[in-house]
């Protein structure tokens, strides 16, 4: 049952050292405010799952919070590489991390299977792709009717999923609109789910009957954080801060610059800073 | 005729290969520009799909990522990412998958994963994203990339997505029913696979490009079709459309605040 | 590519004797006008697929058009049994029919797998259920990670699917709203798809970004048939004709009454009759 | 206290077993009435889900089918049927699945498929619909039915959905992790499975009902709990709520035209 609370409490109540966790958002509605709160609270040994780690996991990895990263595209979208993640993989800085790498199709199917309560996802994939040789979590099953060999990957079942959404109702139902990505699946696949939202409305009367809504009984905690997706965007609220993504390429290229930026913009800041960051977008 | 850059020629040559009937799965960068130039010139009915779930988009500016708001706002509809990969890609609805590459070999196999060994990479690249299944589930694959000996190599470091493997009927032997790479457009030439060997061969050289230019920037010994033509230069309309698109895009992407 | 045409042409162009076909609609938007047209054109040896055959397939079976029925709930919803289907199964009248029976979960998964281009659907089902012993198309696969035994059924891939929807755009895109059932999956799983719609609009500007829309290139033919779901309903257009469903229980109970009703209301009627049937609903 | 019918007592006794925290997968008929009476009396926060895809419905009248427009119009959201069965039922989100039965045995196994042999049925019933997986994926199962020797039988003709099988740990032996039938409410009594044998035993008799009444209408030898109580009769509120609901429903369903 969804409970409204400050972001610091929502993160403290639901994330634990050593957890397997997903901060999901496919280019849109990326839960950056929640990630910053997790960084401030200093969790360690996390297994971070995300299709597109982007600057959010680059920051968490750079701060040494990750033991392992499960991903399918480790880029700064539209910009280039993830430099903190590279530094961890190539130079074990600030610590060594394990990686489990998939394709987008595999991870999308694995979230779907997690939401569907299945132990694995079955799909037509990885044919001729070398990942299948380096990742032991890519296996095969035979169709019992045609004999066709299909790929199988374990379903994703995070201990806790974090997402950002546009609206919560007073009862704690959550509305996600626009590019909805894998957020619904990531929430339903998880044991616990924390949602940051732009605003709270009375109810969803008048919303399209087939809109993407997560009922309050699928969510553990909701925190109202306007601008909480910045520098990502929130359809209907504010645009993407492209300059911030370009800037991240420079900040993340240097360990000291990274540390200074994190201190100023994350460690010494709070969730309230996000509203200001999107004020003119 | 205006003068034009090799990059512009690459994008426009790729755009020409697309038609009104195509349903395109679009990657970012040159593929996205080519698809949108096609849409804004000879193929207004083309369907552009980005893996973020946007179907039938008509962006006014090129997206910075595959999930920009512009894509959703101009789309016919936007579906979840699992649905995108299950119903639309795996379901066989995509006529043309458009891929870029960090490394490619002569058979259209692509590496975007690592330079060096996978376990101890010299450079950790972003990885495959949608490419492994785009490469096998799309009815055919177009590839665009700028030529360089670092990028066009004798042997790629990692098979992120499968092209024609070792050539010949290698796809069929793996049970892959789709055509795979049928077109490679670089900044210097247009390449198509040999019908038998499936090795990419140059079928046309862009205006002013010599065979020596092509070989200098390619890490394998370049093969040529029997009749190598000259790529028709960009038309006024093509060039204006591309430049306007790039200008609108640059203006839009300059926005934002940073920290 | 969707082409607009009269219903008679849309059915004649896309349905063939011996086809495997689905007329889908889960309690809502049931394509009754399309089925009546198929009855008038007198197709034979059809394999009829539908989760809930209801009065629509009861009519087609009663007219001797079906060789086989694949289904998961053969009832007149809220009323009782399907008497023409029973007569065919119990008494081989007017002809013997084969049946392949599944659960709703199995058929929903099988449509989903068909839309996803897979040869089979894998799900957790049929445990302890006797259907698994009488239907050879219910098999098992083992999860390659946990060893758990899961159920598998062949995916559904109709030669042609018929659905009814609220709106088509001029370009031939189709909008389905409300209880969307398995219609999207049934269309995407099929080789050909025919859609009857309440009306044509310029475009879907202003419709919710995540509404259920089938692009024009997934559809073969569209026929405009206002009221075409009657006695089912169309969300936003007209209500369900409950009296007609209750009446069907009586009509279908008697072979002669059935024949007379079919002559008057189907064989001697046309698609234009449907608008009148929903006029006061 | 008003007088009341056995059917009303059945519905109200079933309604009482539901709580605000329940997420109910609702069948048609008595289950639907019971769930909505619960919602309109002591459990306003209950979540009702119908297999047509409607989540969190609050219908003003009882639906005639599991997909009436009323359900969608009052729902929090409506999802596709594949999603309903994958994410919501199989995903383990349903606390209570509510089933009716044509035939039931003492272990809560249900037949709604055929009377007689499957290949040559005497009566072809509608079949299982959602029941086979509702019975195993819901966290627990409630069953309601009117008692009769035809319906409550020593051995059912077909195992449409699995209850406790042969009793004891039969569910666990089949790898089914959910509780299965934990409550049977008939027009005469409330039954719960014996903790060990899993045989349904009468735990309370509705007002005025005798053990002889129960046995006469049950095809197996009825077992009783150590302490059999009397079901509390319907309260004024419960009865008024149910009757108003039924009246609104009858009025609404009389609508329509027929041919």
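Letters A, B, C and D name the chains as they come in the text, with residue numbers starting at 1 for each one.
Here is the rule we go by: contacts are C-beta pairs under 8 Å (C-beta built on N, C-alpha and C of every residue); 3 or more make two chains touch, one makes a residue touch a chain.
These numbers were taken from a predicted model, which means no experiment stands behind them.
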Chain-contact steps, minimal, separating subunit D from subunit B: 2
Touch graph components, with subunit C removed from consideration: one piece
Euclidean distance of C-alpha centroids - subunit A vs subunit C, Å: 39
Chain centre separation (subunit A, subunit B; CA means) in Å: 28
Multi-chain contact residues (two or more partners), subunit B: 72-73, 78-79, 86, 90, 137
Of all residues in subunit A, the ones touching two or more other chains: 112, 116-118, 123-124, 148, 178, 180, 184-185, 209-212, 235
Interchain contacts (touch definition) - all pairs: A-B, A-C, A-D, B-C, C-D
Contact footprint of subunit D on subunit A as seen in their complex: 1, 112, 115-118, 173, 184-185, 188, 204, 209-213, 215, 217-218
For the subunit C and subunit A complex, residues of the former touching the latter: 116-120, 122-124, 137, 139-146, 148, 150, 152, 154, 177-178, 180, 207-212, 235
Subunit B residues within the subunit A interface of the complex: 28, 51-54, 63-69, 71-73, 78-82, 84-86, 89-90, 113, 118-119, 121-133, 135-137, 158-162, 165, 170-171, 174-176, 253-259
Subunit D - residues contacting subunit A, complex: 21, 23, 47, 55-56, 72-73, 75-79, 86-87, 90-93, 137
Touching residues (chain side subunit A, partner subunit B) in the complex: 26-28, 51-52, 71-75, 77-79, 81-82, 85-86, 89-90, 101, 103-105, 108-109, 111-112, 123-131, 134, 148-149, 178-182, 184-185, 212, 231, 233, 235, 239-247, 261, 264-265, 277, 280-281
